[in-house]
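Each of the two complexes below includes subunit A, the first together with subunit B, the second together with subunit C.
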Partner chain A sequence: MARVQLQGLHKEFGNVVALDKLDLDVAAGEFVSLLGPSGCGKTTALRCVAGFELPDAGEVLVDGKDVLGLPANKRNMGMVFQAYSLFPNMTAQQNVEFSMRIRRRPRSERAKRALDLLELVGLGRQAERYPRQLSGGQQQRVALARALALEPAVLLLDEPLSALDAKVRVQLREEVRRIQLELGITTLYVTHDQEEALSVSDRVAVLSEGRIEQIGTPAEVYTHPKTSFVASFVGTVNRAEVTVVSAGDQTVRWGPAVINLQRDLPGHHDGDAVTLYLRPEDVTLGTSRNGTIPSGGLFNGRVTSITFLGPVTRVSVRTDVGPVVADLSSAEALELSIDCEVSVDIAPGSLRALAG
Partner chain B sequence: MTTAVEELSEPAASVPARTPKTRRSWKGGLRWLGVLPFAAYVSIFLLIPTGELIVDAFKGTHNQFTTANVAAIVHGQYLQSFISSIELAALSSLFGGVLGFFLTTAIVARGAPSWLRSTMVTFSGMAANFAGIPLAFAFTSTIGVGGVITVLVQHFGINLTSAVPLSGTLGLAVVYTYFQFPLMVLLIVPAVDGLKREWREAAENLGASAFQYWRRVAMPVLLPSLLGAMVLLFGGAFSAYATAEALSGSTGNLVTEYIANLLNGNIFVNAQLSYALAFGMIVVIAVLMIFYSAMQRRANRWLR
Partner chain C sequence: MAAITAPATTPRRRGGQHRLHGWHIFWIAVAVLYFVVPLYSLLQFSFEGRYAGHAAGFHWFLSVFDDPAFRSSFWLSVQIALETVLVSNLLLVPTAFWVHLRLPKLRPVMDFVSVLPFVVPPIVLIVGIIPFLQPFTFIYSRPEVLPLIYVVFALPFLYRSLDAGLRAIDLKTLSEASANLGSSTFGTLVRVVLPNLRQAIISGSLLTVAIGMGEFTISSLLSFNTFPVYIFTVGQSQAYEAAALSVISLLIIWGLMIGLFLIGRGGRTSIAMGATR
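Now for the complex of A and B:
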């Protein structure tokens, strides 16, 4: 287990700033995900830690020691790549043994360790198979076992599940987390999949344009996004263009409705126009049973689309204040149909103001 | 629930197989039509002449069956000509192969300027076809007896022609290398391109040096392609004639030169013996192919 610190990491490719003085502190044994869209710098950061890129400025410290002077093969870090990277001329076992063979470990020791690791990733019976005889998910499991063979101080995972199908992805991410917890290894995980990041990490760092927009536990990042970028990238949000009625009373007007935010609006005065954010699961829809619109909603609207997502159904509603998206339980959504009229309400305290 | 659906749907999917299969085989039959011209060409200009040549190799001057011709080529000057041709082919394939391989890794390497690659590939396409009399002339006029460079270095007391005479095996190998290494480049650029960046980085991440990566990962992966390319280089050099004839003239000691001499009467006309020599060349190439197949199978076992 090792503590990893990225201090003022800066990297430019031509005119493009890939990393903008990035700071990150990963505690020993912690699982931190770098989450962001393509080109936000998350892979560059990981490659700087691994030793495949040299930053223009900044430091990468492992247990307080700067490792930037060390080549990649001396950093004692295990890495799993996005693309399948198993050596095609070696069996699964030989792939896992590779690093131990390089270090001239005795044959019996490395065979035992390789088989133990393959067992750990659930591939004990596939040890003699070549990569082309394994599925994508199995190849990434072997890659994980291979990365763990020398008991590295840090485990780096660069979108290891992005090439896999949805079901395998979910299964494998849970296994990655199980193994990480079992071994207690410090892990940096790069992904653009917010669900993946939220489900496996101790903390999630959301990156945009080479900077960390927000870092926190998955729950913090999701429920208390600090910026509009984080709110919109992590999950889905509704934007509400409101006018401050009384900053002191914490009330705003959203279309015809006056809403008590139940929180302060620092920096805003009465009459200010503000954009607020609202998660779809905080929206409730009242349905008409006998042709009448249920009362008690903030305003009314018409259903424009219904998307079944399994346990949840996403419903889009056209209202006078703009489109509103609601996530309902699929059982609730059965009562709805396209173009039916609904009343829209929100959970108390769910409208948030954000920076940025 | 899901299992039941899968179990029910599987037989249903396999029932209407007859019609598409019939259509497929009909289409396949049509596709084979495209191969016909090639098959006809190969039959007329390769298989039939080869068969005739093999039969003629076992005929005497009065068309009687004899093994005398074949027996003659494994003795004396004819055996020596095979040894010389194999030495020349092996040496020039080695020179060309090694040079071509290093050049390819240099131009395909990450960070190499793209103009270098395109320039070298274009040059290779041209140089690989530069052989025969023009190639012999190019070398004679530069490092031959009265060549520009030969004369130039004579001022520094270096006698180039006695060091590496162009008509000798080493000299010819140097000349052949001119078309061998570009051919090697053309043949293995796609294979070297196929080495994934992730393999190198993964090896590095796992503690391997660049040498260890090449030894344990890249070379084994490239081996089938390298073997194939080397066999092609060997075959090309083994059967080459014009360049060697132009450089060595009547002193030539290669199988191809003996065949030419026996056919045009430079020594004496003995077509049957030349057929036997040609048959010997086929045997050499066949042995090489068997060796190559065995090596290929071994190198390819992870691909099966």
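Now for the complex of A and C:
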């Protein structure tokens, strides 16, 4: 287990700033995900840690020691790549033994360790198979076992599940987390999949344009996003263009409705226009009965689309204040149909102002 | 070679594809005759003539095998061919690896350079090389100079074979994975890249052997009695023996080609001979 610190990491490719003085502190044994869209710098950061990219400025410290002077093969970090990276000429066991062979570990020791690791990833019976005889998910499991063979100080995972189908992805991410907890290894995980990041990490760092927009536990990042980018990238949000009615009373006007935010709006004064954010699961819809528009909502609207997502159904509503998206339980959504009229309400305290 | 799946066709088109018309047969027959008649004539000629009052049969073959000059020239060519393979691989395998891994922008340049030997005639090449090599008397007067020159002729075949092999693997990811697991760049080349380039290396090397065994112009101009030069010399005065030697030479080259075909067919990666695009 090792503590990993990225301090002022800066990297440019031509005119493009891939990393903008990025700081990150990963505690020993912690699982931190770098989450962000393509081109946000998450993979570049990971490659700087692994030794495949040299930053223009900044430091990468492992247990307080700067490792930037060390080549990739001397850093003692295990890495699983996005692309299938098993050596095609070697069996699963030989792949796992590879690093131990380089370190000249005794044959019996490395065979035992390789088989133990293949058992750990659930592939004890496939030890003699070549990569071409394994599925994509199995290949990534072997790659994980291979990365763990030398008990590395840090485990680096660069979108290892992105090439796999949805079901295998869910299974494997749970296994990655189980193994990480079992071994207690410090892990940096790069992904653009918010669900993946939120489900396995101790903390999630959301990156944009080479900087960390927010870092926190999955719950913090989801429920208390600090910027509009984080709010919109992690989950779905509704934007509400409101006017401050009384900053002291914490009330705002959204269309025809006056809403008590139940929180302060620091820096805003009466009459200011503010953009607030609202999660779809905090929106409730009242359906019309016998042609009567339900009362009690903030305002009314018409359903424009209904998307079944399994346990929840996403409903888009066109209102006078703009489009509003609501996530309802699929049972609730059965009462709705396209173009039906609904009243829109929100959970108390769910409208939030963000820094961005 | 990659398998090509034929698109679904209508019965009319399918019939049109398979039915051989008179003209098709005629042109196929012309092509077959063009290649087969000279070979058959050569083979027949190598068995013709009379020796000690009897039909020669295999006599000309046995007589060339008994000739010490045959054995020495043949083994000289084998030695030169193997040295050419060694030098070519030592030079081109690391070059192709490095260009693919670290200098991908040089790939078009290497592609261009690798086809130059196709367009520069050997006589032009040797006229340029002789003045350069003459001061190095310790090598210029020895047959070991030939592999150094043949490397240039082997370049299109070996480099393009290696290039195709390297394109068939994800070199960057495999190299990074190897480095991440503690291997040096040289270790990666030896442990990871070479085993995955085995077929490309064998294919290119067999073609290089064919060049080393069959090259005539340069060895003749530099006065080395290699196998092709020996065949030519024998042909000046002993027509039947020259025909037998030509048959032997063809059988050796065909043997190499069949080996190449079998290796290519059994391989995981398809390696195109020569040009790959």
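By definition in this document, the second predicted complex is superposed on the first by the 356 of 356 C-alpha atoms of A that agree within 3 Å, B and C clash if a C-alpha of one lies under 4 Å from a C-alpha of the other, contacts with A are read in each partner's own complex, and residues count from 1 in each chain.
We take it that a residue touches a chain if its C-beta (ideal position, glycine included) is under 8 Å from a C-beta of that chain, and two chains touch if they have at least 3 such contacts.
Here the structure is a predicted model, which is why all the values come from computation and not from measurement.
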Partners on subunit A (subunit B, subunit C) - clash or fit:
clash
Does subunit B (first) or subunit C (second) touch A:331, or do both, or does neither?
neither
Contacts of A:166 with subunit B and subunit C, given as first, second, both or neither:
neither
Which positions of subunit A sit in both the subunit B and the subunit C interface?
50-52, 71-74, 77-79, 81, 83-89, 98-99, 102-103, 132, 143, 146-147, 149-150
For subunit C, which residues count as touching subunit A in their complex?
169-170, 173-174, 176-184, 187, 191-192, 195-196, 198, 268
Quick check on the complex: what are the subunit A residues that touch subunit C?
50-52, 71-74, 77-79, 81, 83-89, 98-99, 102-103, 132, 143, 146-147, 149-150
Sites on subunit B touched by subunit A in the complex:
196, 198-199, 201-209, 212, 216-217, 220-221, 302-303
Residue positions on subunit A within touch of subunit B in the complex are 50-52, 71-74, 77-79, 81, 83-90, 98-99, 101-103, 130, 132, 143, 146-147, 149-150
